[in-house]
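Both of the next two complexes hold chain A, though its partner changes from chain B to chain C.
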Partner chain A sequence: MMPRAAAWAIDFALRLVVVWFVSLALAVLGDLGIAIYVIILFALLWLYPVLFEVLMDGQTPGKRAVGLRVVNANGTPVGWVPSIVRNLMRTVDMLPLCYGFGLVAGFADPHSRRFGDMVADTLVVHVEHHHGHSSAPDVPAVQSPLPLPAGEQGAIVAFAERAKQLTPERQQELANLLPQLTQARGAVAVQRLLGMASSFLGRH
Partner chain B sequence: MRLEGLTVALRPRSTWEATDLGVALVRRHARTIWSAWVLATLPVLLLVNAFGAAIDMVWLSWLLIWWLKPVFDRVPLYVLSRAVFGATPSVRETLGAFLRWGWRPMFGWLTWRRLHPSRSLLLPVDLLEGLAGARRGERVRVLQRSTSGTAMLVTLIAANMDAMLSLSVVLLTLMFVPIEFFSDAAQQVWKTLFENPPLWGQCLGNLIAWFATSLIEPFYVGAGFGLYLNRRTQLEAWDVELAFRRLAARLGASAAALLPLVFGALLLAGTARAADEPSPDKVGGAAGETATADIGDAPKDSLRRIFAGRYIDDGGFGDSVRQGYTDPDLSPKSREHVWEKRDKSPGKTSLDKNPSWLQGWFEAIGRVSSFVAENVLWVLAALLAFLLVRYHRVWLPWIGDRFERERQPDALHEHDIARPEDVPADVAGAVRALWQQGQARAALSLFYRAAVLRLDEALGIALPPGATEAECLRRARRLGDTDYTRLFVRIVRCWQAAAYAQRLPATGEVEELLAAWSSTRSAAA
Partner chain C sequence: MKQDMFQARHEAEWTALDRWLERRARPPVRQRAHDVEGLIGDLDFPAAYRRVCQHLALAQRRGYSVLLIDRLQGLVHRGHLVLYRPHPPRWHAAIQFFAADFPRLVRRHWRAMGVAALLFFGSFIGVIVALQFRPELAHSLFEPAELAQFETMYDPARSDARLGRESGSDVKMFGYYIMNNVSIGFRTIAAGFFACIGSVYVLLFNGLFLGGVAGHLTAIGYGGPFWRFVAGHSAPELLAIVISGGAGLQLGMALVAPGRRSRGRAFVEAGVDMAKLALGVFAMLVFAAFVEAFWSSIGWMPDPIKFSVGGLLWLLIGLWLWRGGRGATHAA
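Coming up: the complex of A and B.
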C-alpha cells in the first residue's frame, strides 16, 4: 500500500506539472484555451493511467519509479478492457473525495487491491529487480565433495554474491554451518564456499 | 532468536516491497493487533478527553493522543516481532507487554525523537535490540544507510493517509445527506467540527482522529518493521543462514542413512561384478519383448519408443497435461448471446411505402451526388499523381536515386600552387612591383606561392597538388616554432583574408611582411 501511494503521488505531481505548463501556454488563447485546457485535463485524468498501463507494460511513470506493475490476476499483461475498468472504478475508490474507500479496501484486501482492481480482476505487483549486490568474487573453483541440487547450489552462490555486504565474522559464522561440505572452519571454510560458488557458476 | 521458526519467506527485497511485507504481516495478525490496540488506546483516549473537557482544552487531548503515538506503536510491534518467529502472543500477553515492555527507550521517543522522520524503522532497533549510546548510534547508521529514504517517505505517506482518512469519515456522513439539504448540512458540519465547535463536536473530532490513527498506525509500524526485517536480512543474510541450516540438516541425515549402505556396497562390489556381466543381455531381451508389444503405433521419437521397456507411464504426466488444457487461459471458451429475428421472411421497409415520385427524386439526387463525388475523387487522385511526379525529388528522394543517372562530378581543375618556374628569383621585388601596380590579389598570390615553396624547401618534401591552406599550415607546424613558421602563418592568413574575404592588408603590413621575408631568407642563407 505504501508504494502504491508513493506511485500515485509521483503520477499526481507529474500531471500537476504538465497542467501547470499547459495552463500557462493556453492562458493567451482565451475561451478556446479554456476549452483545450479542459480537454487536456480530462485526458490526464482518465487516459494517462490507461495509456501508460497498456502501452508501457503496466507501468505509469510513478509505478515505474517505485517498481510496481499492473498485471491481470493470472499474471498476464494487462489489456485495454481491464485497464479501462480499473481506472474508471477510481470514481468509487476516490469516493468521499480523497481516496478513503480505496485506502480502506487496499489495506483490508489480502492482495492490496482497491475496488477497481477487484472489479477488473487485476493486481499491482512488485517488479523483480536486481538487488545491486555484485557478482560472486572471482576465486579459483573448488569442486564440491558432494553433488548438490540446484536450490542448494543457489544458496551457496547467494552467499558468495552477498559476502561483500557481510562482516567477516558473519561470513565465518555462516560458513561454519556447513562442516560436511567445507571440511574446515573459519576463514578457510569461507574461501572453500566461495570456490564452490565459482565452480557452480561454471568458472575455472 | 530462532531463525528456523520464521513464518515469512525471507529474501533480499526492495525497500518498497519490504514495506508491503510488513503490511501483509499486520493483516495476517490483524485480530490480535487491533483487539490489543483498542483495549490499550481507548481507555487512554477517554481519560485524556475527560481531562481535556475538564480544563476546557479539548484540542490538547488530541495533541496528547498524537504525541503518545510511539507508546501505542509498541502494541503492533510487540505482536509482529513475536509472530514473525512463529510465537504469536495472545491479546492478554500483548496488553501485559503494553504495560510493562519497552518503556526505557520511550523517554527519548516522547521527547527529542518524537518528530524523527524514520520512526517506524528505528523503533524496532530500540525495542528489540536494546542498544544504547555509541553502539546504538552506529547500529542506526548502518540500518539507515540504504533504507532511511523509504522510511521517511513511509512516514510522510502514513501522515497523509491519516489526514485523508479523517477527512473521509467527515465527508462520508455528508454523502448520505440528500442533495436538497446538502448545503445546510455541510454548513452544520463545518460549524460543528471546525469553525466554532461545541464541546461534543470537539470530542467527536478527537474520536474521528483516533479512528483514523487506529486504522493507519499499525500498518505504519508494520511497514517500518518490514523495512527493519529486510535490512537485517540484507546485512546478516538470514535467508542464506536458513538455507545453510536446511542443507546441513539434510547432509547430516543422509550421511547417517548412507553409511551402512556404503559399507554394504563395498562388501558386495567384488561378488556382484562377476555376476553382473551376463545380466544386461537378459534384461535387454526381456525389455525388447515387452517393448515390441508395448509401442504399437507410437510415433517414431516418442518417449515410449526411445526408452522401450524401461518407460514407465504412471499417468501423472498425462493428468497434468489434461489439467493444463482445462485452464481457461489456454483454451478460452466463451458464450455469446445474440439477438436473432424470429420472423425471417423479408418484410417491407418504410421506404417502399413512400410514393414513387419522391423515390425518383431521391434516386436522382443520389446519382448526381455520386457522380460529383466520383469525379472530385478522380481530380484529387490526378492532383496527387501530378504532385508526386512534380515533387518526388523532395518527398520521395529514394526514387530519384534509382531512375536518374548519377551525375558526374565536375572535373576539378588543379593549379600547382608552387611551381618553381612561376616564382621569380626576387620574390620581394616582384611582389612589391605587383602591389604597387594595384594587382593586390596577384601580389599576395605570388607571395603565398613563394612562401609555400620555401616551406617545401625547408621541409625537404613537396606538398601534394591541391593542398589547402589549412594543410599547408599543418605542414608548417612540423618545422617547429621558428621565425619562418610564424611568418608563414601570417602570410597565409593575409592571403586567406584577401582571397576569401576580400579584405586587403594595408600597404604597411605588406611591407613589413616583405621585410621579414628578406630577413628570414638572409638568416636562413
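Coming up: the complex of A and C.
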C-alpha cells in the first residue's frame, strides 16, 4: 500500500508541475491557449496512466521511481484493454475520498488488488533489482563436500550476503547449524560457508 | 553434464540473446522494420527464447550454481517481457473497431442499452411533457438562480449572438466540452460497478436535468434558441450518455447476476467490454464536443439547415449503431 501511495503522489506532483509550466507557456495564446490547456489537463487526467503503463512496461514515472510495475494476472506485460479498465475503475477506488474503497479492497484482497485491478485482472508487483550478489564477501572459494540443490545453494549465498549485517556470534551460531556441511565449528565454519558461497557464485 | 561444459556449450547463444534483448527491449519504430545487425534475427527470437527457457529448467533441475540460474532467469524474464509486450495500436484495427466492432458490441448488450435508454429518455421526455402542463414544477427541480441563468443563456432577444453560452470562443469551449463531457461519460461507466446504482442515478439525474432545462425553456417560450443550439450535437451526445450508462449497467450486472461464473470472472469479462465501450463513448463525445463548439453555436444559420443537420446526425448515428459491422466476417 505505501509504495503505491508514494508512486501515486510522485505521479501527481509530476503532473502538477507539467500543468503549471503548460499554463505559463500557454497564457500568451489567449483562448486557443486555454483550449490546449484544458485538453492537456484532460490527457493528464485520463490518458497519462494508460499510455505510460502500456508503452513503458507497466510503469508510470512514479511507479518506476518506487520500483513497481503493473502486469496482467498471468504475468504478461499489461495491454491496452486491461490498462484502460483499471484506470477507468480508478474513479470507483477513489470514492468516497482518498482512495477509501481502494484501500479497503487492497487490505482485504490476498493480492492487495484494488477494485480496478480485480476487474482488469491485473497485479501491481515489485520490480526485482538485479544486484549481482556483489554484497557477498569476496573470499577464496571452497568446494562443498556434498552436491547441494539450488534452493540450499541460494540459502548459503543469502547468508553470505547478509553476513556483514550480523554479529560474529550470530554468524557462528548459524554456521554451527550445518556441522555436516562445514565439518567444523565456530569461526572456521563461517569461513567455509562464505567460501562455499563464493564457489556457488562462480568465483575461483 | 558438468556446469562448466554446459556453460561453455551455450555461452555464445546466451550472449547473443542478451545483446539482442538490449537492442530490442524498446526499439524506436523505424528500427522495428529490419533485423538488428550481426545478432540473431528477429524471427529467430522465439526459438532462442524457448531454448533459454529449457536451459533454465535444466540448470535448476541439475542444481547448477545460483549465479548461472539467476542469469538465465534474468534472460527469460526480459525475453518474456519482449515476447508478450502489447502491440502498438494499428490503424486498420482502429478503423475496424469503430466501423464494426463497436456497433456490434452495443447491439450485443442491447438489454443494458435498452434499459439505459428507457431510464434516460423516459425521464427526459417525461419531464418535458410534464413541464408543458405544470410549468411551476420547474421550481422544484432548479434553484431560482439556475433558472435565471438558463433564461439569459437562451433569451430570444439576444439570439443574434453566440448560442448556448455566455462568453468564450469556439475553440475554448471545445476544450471545456471535451474535459467535462468525457469525464462525465467515463464516471458514468465506472459508477455502474456498484450494482448498477451509480449508472442508474447518473442516467436519471441527467434525464431530469436536461429534460427540465428543455421543458422549462419551451414552456416559457424560449424554446427556439435552445432547440436550435442543441439540435446539432444532441444525437452523438445523448446517445453517448445512453451507451455509457448501458456500459455501466452491464458492468454492474456482473455483481448482481454473474450467471454461471464467479463474480470475479464475470467482472473481468464485463471489464473488457466496458473498456471497448468507453473507447467508443470517448470518440462519440469528442465528435459531439466538436459539433457543439463549432457548429451548434452559429447563430445566423437558418432553422431548416440546423434542424435537418441535427436530424441527419440522428439518422446516421442510428444507422451506424444498428447496421455497423453486420454481415462482415467477425475478425476477433
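As a convention for this text, the second predicted complex is superposed on the first by the 196 of 204 C-alpha atoms of A that agree within 3 Å, B and C clash if a C-alpha of one lies under 4 Å from a C-alpha of the other, contacts with A are read in each partner's own complex, and residues count from 1 in each chain.
What we mean here is this: a residue touches a chain if its C-beta (ideal position, glycine included) is under 8 Å from a C-beta of that chain, and two chains touch if they have at least 3 such contacts.
Just so we're clear, the structure is a prediction, and the values are computed from it rather than from any experiment.
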Requested in this report: Figure out whether A:70 sits in contact with chain B (first) or chain C (second), or with both, or with neither.
Outcome: neither
Query raised in the report: What is the contact status of A:146 with respect to chain B (first) and chain C (second): first, second, both, or neither?
Result: first
**Report entry** Contacts of A:45 with chain B and chain C, given as first, second, both or neither
**Finding:** second
Query raised in the report: Does chain B (first) or chain C (second) touch A:37, or do both, or does neither?
Result: second
Requested in this report: Look at A:88 in the shared chain and tell me whether it touches chain B only, chain C only, both, or neither; answer first, second, both or neither.
Outcome: second
Report task. Go through the superposed model and pick first if A:174 touches only chain B, second if only chain C, both, or neither. Result -> first
Report task. Quick one: classify A:112 as touching chain B (first), chain C (second), both or neither. Result -> first
Query raised in the report: If you lay the two complexes on top of each other, which residues of chain A touch chain B in one and chain C in the other?
Result: 76, 133, 148, 154
Report summary line: The chain B residues in contact with chain A across the complex are 12-14, 16-17, 19-20, 23-24, 27, 153-154, 157-158, 160-161, 164-165, 167-172, 174-175, 215, 219, 223, 234-237, 239-241, 243-245, 247-248, 250-252, 255, 329
Report task. Would you tell me which residues of chain A are touching chain B in their complex? Result -> 1-3, 5-6, 9, 66-68, 74, 76, 95-101, 103-104, 107-108, 110, 112, 126, 129, 131, 133, 146, 148, 151-152, 154-155, 158-159, 162, 165-166, 170, 174, 177-181
Report summary line: The residues of chain A that touch chain C in their complex are 31-32, 34-39, 41-42, 45-46, 54, 57, 75-82, 84-85, 88-92, 115, 118-121, 130, 133, 147-150, 153-154, 157, 199-202
Query raised in the report: In the complex formed with chain A, which residues of chain C make contact?
Result: 26, 59-60, 63-70, 74, 80-81, 84-86, 89, 168-169, 171-172, 174-176, 178-179, 182-183, 186-187, 189-191, 193-194, 251, 264, 267-268, 270-272, 274-276, 278-279
